[in-house]
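Common to both upcoming complexes is chain A, partnered first by chain B, then by chain C.
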Partner chain A sequence: MNRTKRRGLNPTILFVIMLGIGLPLSFSRSVILNAIIMLFTVLYLCWERVRLRTALLVLLIAFPLAFGSWASFMFFGTGDRLHAAWIYGTRVYAYLLLAMILTMTHSVQEILLSLHHHLHLSNTFVYGLLGSFNMMKNLRDQYRRIKYSAMLRDAPYHFWQAHFYLRLIITALNWSNDLAIAMTSQGFTEGAERTELSVDPLPAWQWGLAGLLIVLYCGAAFLWRPW
Partner chain B sequence: MTSLSAHQLSFAYDDREIFHRLDFTVPMGEFSLLTGPSGSGKSSLLKLLAGLFPQYGGRVTSGQVSLNGQNAAEIVPFQRATKVAMLFQHPARQFAMRTVNQQIDFALANLQLSAAEIYRRRQWVLGKLALQQFAHRLVTTLSGGEQQRVALACVLAMDSEIILLDEPFANVDINGRKNLLQILKRLQETGKTIFLADHDPTGYCGIASRLFRVDADAKTVRTVPLENLPTEEENLTPVRLSDELLGGRLRWHDLTYGVGERQLVHNSSFTLPAGKIGLLSGKNGAGKSTLFNVLSRQHHFTGQLSFDSVLAQKVPLRKWALKVGQVFQNSTDQFISMTVKQELAISRKHSRQPDYWTPRRIDQCLADLNLSRVVDHVCYRLSGGQQKKLQLLSMLIMAQPVLLLDEPFAGLDLQSIQRVLQLLKMVKKDLQTSILIISHQRYGIVAALDYELRLTGQRLILQGRDSDE
Partner chain C sequence: MQTVDHNQHHFSLRDVIFLAIIAIFFGLIYQGWSYIYYLLAATPLKPFANDLTLGVWVMAGPLAGVLLKRPGVSTIGEVLASAVEMLLFSSWGAADLLSGFVQGIGSDLGFATTGYRNWSKLGLFWSTLWSTIITFIWDWFKSGYSKYSLAMNCSLFVIRFISIGFFAGILVYWIARLVRRSGLMKL
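For the complex of A and B:
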């Protein structure tokens, strides 16, 4: 569980930046600032040497969404349609890239444990989530089994049918109950002290950096208000 | 000395009472086997003893489980775990962490041990259970048997005195089972208490030192003399081979399959006879359920599999599912709608033999199976036995020409078993269905069967003949 020392910011700091800029971003009306965020986050991702293929794929998948937002404001908007279209088009990518600087540079486990250390995220939440992420593969097998059981009755499920999801949900509920029981049997106690085995160094200057970035952004977005 | 016992314990789910004023003490330092049909309450008893129930289900209506004189359910988990811990039926669902090391550390960190002590215990247990080479592996990449070994490693590292195991071999292959049983026996000989629940009592002769059975009718647990433990040979009341096994529609040639690296069956050829009921037998983990998954094309295989001489690869899966039907071991996997009525209506609407499965016949079957009263109930709320019968009936109504049944008698009383067998015999005669059954239980069943196919040494052998066809 020991984290090896690595380059880049601590996951908690990235999380704070993501929320601290992401929230005001929803209210700011500036294409230039969106572009600046996109530029800096892309530079950060390059510096972190994330997997190029995955990154491009994620950006590509988001394209229809960004284009959809852009087009709907461009063609059906009122007022300054050009400005509005570019605000909403670039906003999709600004959000996405802000999230990517966190999720593409750290594993789920690193993120959750870091949030536990520095932002007091409860252990129940951390280990419950970790357990469910580990069950993803089994859930895929179950998905196949459910589809097959419907074929056996000549009533194949389609993705738009509620029954299909109902059964997946029932399965997932059962599994999460099984996991909770097993964790309790292994001594996991809600709210109790545990030995902290992971170390997650967070130098004070990173907090300062996060604060500075958020203040700079809010200042620019709500006082300077560029195009 | 630790003690674990139930005093005047009554326990119920909703309105169904499972135990009534049960007095039971776990024999310390022994290897105890708890048997009884599926759904009789074995798992509930284990979870009660582990202090996990009623927190995670059911209701205690009288009495309590005492661990060293204290109510087990009220002891905080991190203290309880050092005395009593449990291994579960689904190995993969008991891990919160990704790797073996992390998982063992997780359990030990719950006990608030120092980091140095956690490291020491982890290294010790990895060595003891020969898990060193798995230390950094993802638990999801391990086999069922290896996963159970990791779960056992957590329990050992926590130094729990009493180890409860709930059907621990249900998803473990034959070698994994043998390996685990040896480890457990060794642990018992060095002072641990092993309390294991298994619906199938075979393979424990010479290992279990105490035998118990859940008596579902009396809602209690009875001590049974060890002599009642079946030896492997005794269990094999042979099926009398009916003389004429004529041709059938499902046929396989040079069929080979395995799980992971391990080959289960090599170059087998056979034609599933029409209008006959066969028993597919073989040891735990030999690959019986996997054969069913191969025949229904849910598992990879090599060789030729054909229906009416058309190769499986040429038939879309959707059509294949209407030729080869499968009754799953786990009933709830089969249900595709909410209520019993809806479930049967879907089968009737899509039946391959709509003229045969008239509403009148279905009503008659419902009455025979004692299901008439529950037609408006939700499938998931039925008892284990009712679910099994509903599952069977709905697949019989679908009337695929080939029907594979995986443990269809599990959890049924003798009377229900006879009713189900009558139904199967009626269908095979009237519709010339090829039926193949996996059932660890032979008592009361064998006489109704026509042949036995035994899976042993990677070969499928028709019993009563010299070699496989």
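For the complex of A and C:
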């Protein structure tokens, strides 16, 4: 059995926190709470010692989106423009950082297997997704090949052309068929019990922490309602 | 030993992989033209950039619907696409999954309006209309559209309907027609 010792919270708990706070965040109207979310998520990322360069790059790439949100309310907003501009500008980063505490601290495999263990995500989805993600490089190459082959015929594809999608669908159909056959021939049985090769410890206190954070956030966002 | 679940109401391993591969391809398409979107989105015109391009983001749901023709498939297709987006490509974070779910529900509601019997023009028309309405309500709260003027909201709604109508309606219909003619899938 493969048991990994980890420093931070379980991926399932991070997933629950991400959606549990992300959903009410969409309806709350507070710059201060957005800033608190940003502060705590950044502290968590530092504590988890994520790669600083990657984290900064991700945050930098999102800057035009945050700035665009901020600027659109300054130009087109009605009522308290400044407040609206800061709410929706900082909200972009709050959403992003909420996802980063999950995606930057755990691999896709850890996340999917954890969701299977604790939230009963079916094995068909877990292994189907893992199989597809592992083909990422091949898919990227195939995507390029499809585009290049069209360019060779002097008829480049554009994303508004149905023929382009047909080529992608043909690839998706063939590859999904091949991969599904390969997996079933290796013993994968849909809907059947599997021997679990990994243990994913999730202490009860982490569920309590997720619940507490979500309740605290909702209480603050909809009862306290700071600026 | 049974290895493949033939129950049409469940997602088979092949369906999941098929949708995931489609989602990855969509991710690559978004990546390719996101530079144009970023240029526009970095200005006060961001809401217009959002609504003008939303159709492409919403396509995965109805495409999954017309190809696999099952209740709920649009929602699952769209959520899968948004999960792939969040994990591999995007700078939207948690909003990806939430928006993906909302977009998928909107598209599914359209097919549900026809009792999940019409997966062609009529089903797609309702799908685009419901997607526009549901995603607009979502952005009313999530993206603060309530803070824009009525005139701006009206123009954003029209732009959004045109975008979703073309990409998630007309283009998806054309794609389904090509797939049917090619004989690749029984549609």
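We adopt the following convention: the second predicted complex is superposed on the first by the 217 of 227 C-alpha atoms of A that agree within 3 Å, B and C clash if a C-alpha of one lies under 4 Å from a C-alpha of the other, contacts with A are read in each partner's own complex, and residues count from 1 in each chain.
We take it that contacts are C-beta pairs under 8 Å (C-beta built on N, C-alpha and C of every residue); 3 or more make two chains touch, one makes a residue touch a chain.
As the structure is a computational prediction, the values presented were derived from the model and not from experiment.
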{"item": "Contacts of A:134 with chain B and chain C, given as first, second, both or neither", "value": "first"}
{"item": "Chain B versus chain C as contact partner of A:22, first or second or both or neither", "value": "second"}
{"item": "Partner chain(s) touched by A:54 [first = chain B, second = chain C, both, neither]", "value": "neither"}
{"item": "Touched partner set for A:182, first chain B, second chain C, both or neither", "value": "first"}
{"item": "Chain A residues touched by each partner, larger count belonging to chain B or chain C", "value": "C"}
{"item": "Touching both chain C and chain B, counted on chain A across the two superposed complexes", "value": "127-128, 131, 135, 163, 170, 175, 177, 179-180, 183-184, 188-189, 192"}
{"item": "Residue numbers on chain A that touch chain C, as the complex places them", "value": "18-19, 22-23, 25-27, 58, 61-62, 64-65, 67-69, 71-79, 81, 84, 87-88, 92, 95-100, 103, 108, 111, 124-125, 127-129, 131-133, 135-136, 139-140, 143, 159-160, 162-163, 165-166, 168-173, 175-177, 179-180, 183-184, 188-192"}
{"item": "Chain A - residues contacting chain B, complex", "value": "1, 109, 127-128, 130-131, 134-135, 137-138, 144-146, 148-157, 163, 167, 170, 175, 177-189, 192-197"}
{"item": "Complex contact set, residues of chain B against chain A", "value": "47, 50, 52, 55-57, 76-78, 80-82, 85-86, 88, 90, 92-98, 102, 105-115, 118, 139-140, 151, 154-155, 158, 296, 298, 317-318, 321-322, 325-326, 328, 332-337, 346-347, 350, 380, 394-395, 398, 400"}
{"item": "Contact set on chain C toward chain A in their complex", "value": "1-5, 10-18, 20-22, 24-25, 28-29, 32-33, 38, 40-47, 49, 56, 63, 67, 80, 83-84, 86-88, 91-98, 138, 141-144, 147-149, 152, 166-167, 171, 174-175, 177-179, 182, 184-185"}
